């Protein structure tokens, strides 16, 4: 897969510089820490919400910095958690009397960086909390890992705590809300092609013309298993079979349904997937209350998609529907 | 101090020279960024090389550890940074075989604590521990480097229980761990360039 | 390139069905004519705005149906202009006392279908006007063609006339505004890979690993010429060299700058392209007043991008900034 | 009427059978949808086949033209629809060689008007006109079909001046026009299946 890139080492900073140039009124860029923050942050009247994670998942997370969403994002290089001092310095810059909420997708590297960064910030007397997101049902045997990964469902946690923070919620209430959303959110992804990191210049793994990677991670890690490419509806059925029984989502539930593109799949195909998922859920008595069809958390240029369900209650639904502004896909 | 400097510089240069190789190893069941992360981080260490605190081996290693931990992203920053920090804390005079072994043991303990990992999880520990065992026993770097390579190659038969490769479960069998192989390659380079007076004692 | 697809013949209807299921409150789907219309259309107090064109360009045009944008879109199959009777029936359904504005991207097939459809609607006594969009500077020798193609710049025409229509503007004023926007809009695209139409199942053309298609069309038609793949900044320079002198855009101008993804290129790369374009324009004394970095008009799964400039004046800028709602990318 | 029905049905079946071939031809310098558009449109024509107005050849052809124009997307719907409509308008009794030629001329004029195109623009006209000339002269379908194929193949040397292929300018040289080749293939199939009593007269 060919890419638009200059020196691969500058891929992330050049992207961030472009982002800042395109949104000068709302965003501020601090090159030293790959930091993208709201131009009006930190605001003393609210908790600051910060997310790190590797780059290559755009719009997550640098492009969901904005009103009712993140106050800042400090990504690492492509697929690499941010170094600890990005987390530390970002936390210092975003500190407010109400505190800083650090959102972490559940990966070894990210957790270490945020744990270490938080320790240092706490030693400075700052008020911080970490909230871990782990919505990926693809990881079955959590004995051998740090547990389930945080993937596209992350958006719902950001959206909910972002809305609540905007309304003045306290740090402990944000933790409660974030945990609650994470607890009712499940995701499963499928890759049709491998992605190509700019610095590597070639696909991360080989996938035959009739193979798909079922349960693929958002870092191009191979997934649960390799399967034969089938038609789109059968793929949706397989994703639902992994996601629905996991919580489980049951007849009578109201859900948010997200079909998230992994970077190389056009939105036309995402809506085609959405159609079947919506219909199949209806057959199971599960009603879609809110729909999300777009790219939210990608894996560079990988062709593929993930399916996320969130079980809604009135509080979550209200927070998801609250106003938000971001460079892309605020809803 | 000259020995310590040489060793750290060799680690840095080896990591930079093997960026592509280490990255390719990490892309088999990982996410392919290991080579890039190490190379970029150690480049930054070399950038500030002249200004590093050289009071003694301990403070030098701790300064390196801080730089690595705060400049390398991914899992490797905290893991390698912690290793250098702990080795620095265990440094002292004379820098003899026992001391070097103690420093390596401190680094290993730091990695285990930071990574919640142990020997057998298919990580760099699976090369670093055999390397340390062999160095302690033989006092010979070349022998220890051979032990590291053998152990790194043996990770191919293991199933990953930590790090990103662990998500693939059984499918992680059949390829060597990138971190373990990096330890082996670095050990070989150190053994090539460093003829310490101390290790014989 | 592998795709999410069932029977390729159903690609377009299944996508449209998904779109309607995801947005039941705002959109209505009429399967007989591939028609997606606003749930509240036709509104007697405004001109209806309709666009056709082939499918495969999503979000154009079915996903920009909404408040302040299109009232309806009736696409044909992938890369095929809609049949004449889709245009005719859609026009009848959308008819209002203030009239129907038919937006047409300048291609032979689209023009014929809309000319014939309009003739039939006019014979029924309906009030209609056609507005043709042709922003693509890649087509140099217009003697041999129907002239320049309509590509991503189309979005700006839709946005401007959509906003004006929402404010109650009359049909002739919409024609004036649409022409004015089209007249100051220029686009040039580049393809890194070929796209794969679902019914064909293989790439539309072959492109070497180090080749790019400069001036590529949005239907996968080969472009102006094949060039060597260079770094991203050099590609941006080449696009600007084609676009800027064409109007020309000059020092002192205020412009909207769009970097549009062609379907397979992730938004990270689009912002990287944006950065250099913004900086180079600044060097030429051209100030970016509004930024658009996303997918607006794609070519299925093609990796690639186009660059569009619009010279702004107060009227255009106000219309572009007016509120709008659509399934994706309303701004 | 039986002859007319057979000819139209043969056109439809040939278009459906050659969907992939015609599409591939259109993808060289076009957008690859020509085969798909024709096939889907003619499928719809066959779907409603039983209900078509069969009062006479003229009304039958006009009905077909309406269906094609309103059901086939892309450039081909208006172009082929217009051709059928005009041919139907020129139909009459007896359906002899002169009448068939007149119907084909009417179709050609319709295409030219609708497409603002002419012979030499590298379109289906470049096969349809030689076919018509030959049929008028020889009265023999097989001879005319050969003329159509030769002419279709000769479009390879031409530069496209109309349709999507025209955007590529000089680069359209070297490949045959999809529409012209479709006319040749259809002509051959008609000559295979139809032995008109009329063409001899």
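For clarity, chains are labelled A, B, C and D in written order, and residue numbers in each chain start from 1.
Here is the rule we go by: a residue touches a chain if its C-beta (ideal position, glycine included) is under 8 Å from a C-beta of that chain, and two chains touch if they have at least 3 such contacts.
For each chain, UniProt lists the protein as follows: A, C = Dihydroxyacetone kinase subunit DhaK; B, D = DhaL domain-containing protein.
These figures come from a predicted structure and were not determined experimentally.
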Whole-Å gap between the CA centroids of chain C and chain D: 32
Separation of mean Cα positions, chain D and chain A [Å, integer]: 54
Centre-to-centre distance between chain C and chain A (centres being mean Cα positions), rounded to whole Å: 29
Centroid spacing, where centroids are CA-atom means, of chain B and chain D in whole angstrom: 73
Contact graph of the chains (line, ring, star, complete, other): line
Listing of all chain pairs that touch each other, if any do: A-B, A-C, C-D
Touching residues (chain side chain C, partner chain A) in the complex: 1-7, 11, 14-19, 21-23, 55-56, 58-59, 63, 192-193, 209, 212, 229, 231-233, 235, 263-276, 278-279, 288, 291, 293-295, 298, 300-301, 303, 305, 327-329
Chain A - residues contacting chain B, complex: 9, 54, 76-85, 88, 107-109, 112-113, 116, 138-141, 144-146, 149, 197, 199-200, 204-205, 217, 219-223
Interface residues, chain D side, partner chain C - complex: 23-24, 27-33, 36-37, 40-41, 69-79, 81, 114-116, 159-169, 171
